[in-house]
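In what follows, a single structure is set out as structure tokens and then discussed.
The letters A, B, C and D name the chains in turn, as written, and every chain counts its residues from 1.
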């Protein structure tokens, strides 16, 4: 490794004249060799403006997708794991199966609206199961960015309910 | 009328129920844990609700989640399958209270038959033969000793809340009694939350023979030809067949009559199984399972009945249909489990790389597997049931060997090699082996094939 | 005694024969073309011999290669399956000369029944009803015209060497006769190497109903309950069922008697099928197929017989066993072909990405497919036969829909959607449709599902 | 399209100073060679503004191997396609199913032995099928390096019989 660093430094020195110029292929070759010998999956080396990244060939075991088709379009509720990817955002999921309520009681104000700032532990909604009202708290402090479920609709275990942008 | 059935189970039995519901035109709701998101029961049901994380206590045993799923989807009936909540009287009772039809007997009947000592007494009252033993639960060591002297050693202590061999001890002399009682009680207490035990005379060389009953709400009860489930490993059935080899029609008739008498005595409704001990040409009541059994297809194969369809019809208040109660031909079921018989039945998990079930005449496969399915460590090890029919037992043995050889399965070890070894065993081929059959044998590998050899120790 | 069977076929029927041989304890030899190196019949047989390149004429129709393979492996019998060499009298004769038992009737019988005009005359001599028409082959246009006037128009011209609709022409008036005769003769000449044709009165609305016979070398012949094969597309059967919907037991009995009479008249041995036209409550001899049929499993499902086992036993000189000749319940077979019903049945080739056949009660699948199998363009399009049994026809229809919905198949289009559409057709549900059933309907897609609608033009 | 062309032109103009600029194809070629030789999956090298990234071809579609097992070791003849790879050598395969004979008649000398020089068209053996003796000729001139089948044994279609080293 130290040798690699040295060499890279030398090459950089040597390459100084012809500005950025070509690439330090000898270094790349060494990184490749290191990858192959070591059996690791990926090596990335960066110093200043130079970056070398080498990845092994994907092993990925062949995956056969089950392909069962139901006759009619299923009336199934939205599956818990579907939905967009919320990068950097926090998703509050239902811990139980039940009915989703946005307000403490019919006719009352919803616990939260999109754009509201919420604190950690603040109640976001109720999920009712077997006549028991379960208050669902926010696990983080932040701003409510999306409410994913309609009031009074059914939710499954693990179903995303709210998207919250955490405060830094 | 039943308008929508929630299937409170997973694996092959969930699929079994979904198949029949579809044939009856009844929509289904599957429930599944996050570990079963790619399961066939989820994919083939009309609707599916995720009810919890992988551990069964938080999903398939999670009563509030299942009831909520039924309410959310408007299911008006729940089929419990077997295992999980199938014999949970409290679950049946909650269903009753919520106005959801539990497809099975009443919570009261489940409760009665779940108490094995009480069930024994009821059987006796219904005129069903029972092995000599205590009338009910024994209150103390003194009573156990007294009963044991009456019926004679060896005796067996059994947990009243039990099943599956837990809390059970064979006692061969009075000296062993005290220690065995303490152990049985402790085990029963740990497994079932109740240390109550009762006493039966221990029958040395017995066969496990059971009778499938079906009863409607209008007082009609029928009993199907018996199933012989004597090939077991540690009280777990491995192979079941119908009819029982060598059983005289007269004895069959008496067993069927006894099963009907018991079912009528308790006001049974739905499908249930009365399990008997068969020894020296006589039969004795063992227990009643108040649910569909894993091995119900062997009965379907020899009678043409669809037991799940009948369960649903009866639950909907319909009368029992006409049934053929004489076996036609012979059928066997093989439980293909994710266990390595060469390594002390080590459970297997991981991806099924290639799966291709056998086909052709007389072969039925009930399985939730497919190429690419991943076996998780959370649930029981049953992967597939191979059920084979032919005109007589010898033909079934040959056809079963053919089908097992053809069963393509890679990625995990299974009990397939063990089944093939059993089929090649001479005593098994003659038929009528006792429950100690497998325990009395050791496994050997020869030319890459598993074989059984009669070990030194005798069958017990 | 038969010691080793060479299976001169491929695909599901080769597998079917291998399965039964294995059950009978008879070793098998598979033959395969280089295109079938990864085929299940090669992989599951005890031995396998590569007999040629992909084109059938150089492999599965290559008589010297097959005979050599039998000699090399010491096979003393050949099962021809269906198609390929199954009705090739010369092949049967060569087997006879080489001392290899051809599992089927004698070459002489194959030859007689292969001449359709001669077979008609033999049937007539055996007292089997035939449609009015010429006594044998018509020598010239004059004779055709004379016979047509006698029996009355419309008439149908049929190739004497023919089958499958080739060299066949319906003639509705004398004006059309000359042109139709020329066309039929040319087509027959091209297809079979013989332009000989005969004349029958054309029956407008007919059903195709056939009777399976089985005869041993000791003079015993039995006839099984009939199969109705009227759901066809261009003379290719798509769905077969047993019993024929609405057929009176008395008529069944007469058809069975007629089939036995014909088989006895020609000294038939083995399994064969007598095909009848059923019209206005009367039946007429159409032709006899001197081999196992694709649709033999529907008979197995309603009688419990293993027709392949019986073929082999009879070929070994054994006497026929006991058989149930009354149908128990109802069965249907669905031919799942690699054809796209939405694009005029365009043949499909390529890899099968995912394959998982249905299971559960009453479902039998005969198929050589597996996940990862590649469908080549060299052979027929049959991928799988789904055979469904239930207690009555309505239950079979429901169960079949369930099984077809469950049949997981990706990578190529198949006839599965067409079968589902047929099962949902009202006329089909009533039962007893004529052979023109499918031609009289157009296909429509609605909500991604194929549906049939009665088109303007009448059934023909 | 025209916008794109303009932009490219502008960029090229801006880059004029630093020699021909455009792309350092020789460097790319070297990275490609390195990737192919090494068998790794991906190489990325960046220095300043220049970045070269090369990926190996995506893994072929997952192939599921059929895994059917026969109960007993099959007595099947050697499959035609098995056997070592004969690189640069010519393999004579059986065009028919039959019995392999090395000599014209029992007791006579074999047609060829290992080490013999043969000419194209010269008979190497007989494969008998249905009492017909089929002489199998060599398709090339060369030296017989291997005889793969025992005298009088059965051969399948396409089964390798001889390995011949062709003459240059």
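The rule is short, and it goes like this: a residue touches a chain if its C-beta (ideal position, glycine included) is under 8 Å from a C-beta of that chain, and two chains touch if they have at least 3 such contacts.
If you want to know which protein each chain is, UniProt gives these names: B, C = Biotin carboxylase.
Predicted, not measured: the structure shown is a model, and the values here were computed from it.
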| item | value |
| --- | --- |
| Chains contacting each of chain A and chain C (Biotin carboxylase), listed by label | B, D |
| Farthest chain (mean CA position) relative to chain D | B |
| Chain B (Biotin carboxylase)-chain C (Biotin carboxylase) separation of Cα centroids, rounded to whole Å | 42 |
| Averaged-CA centre spacing for the pair chain D and chain B (Biotin carboxylase), given as whole angstrom | 56 |
| Residues of chain C (Biotin carboxylase) whose C-beta touches two or more other chains | 44, 354, 356, 370-372, 401, 405-406, 408 |
| Two or more partner chains touched - positions in chain D | 63-66, 68, 70, 72 |
| Touch list for chain C (Biotin carboxylase) against partner chain D, complex | 34, 37-38, 40, 43-53, 59, 64-65, 67-69, 72-73, 351, 370-373 |
| Residues of chain D that touch chain A when the two form their complex | 18, 24, 27, 30-31, 34, 38-50, 52, 56, 58-59, 62-64 |
| Residue numbers on chain A that touch chain B (Biotin carboxylase), as the complex places them | 61, 63-66, 68, 70, 72, 74-77, 79-81, 96-99, 129-130, 132, 154, 156-159 |
| Residue numbers on chain C (Biotin carboxylase) that touch chain B (Biotin carboxylase), as the complex places them | 15-16, 19-20, 22-25, 44, 297, 300, 304, 306, 328-329, 354-357, 359-367, 370-372, 390-391, 395, 398-399, 401-402, 405-406, 408 |
| Chain A residues touching chain D - in the complex, by the definition given at the top | 19-20, 22-25, 28-29, 32-33, 35-36, 49-58, 60-64 |
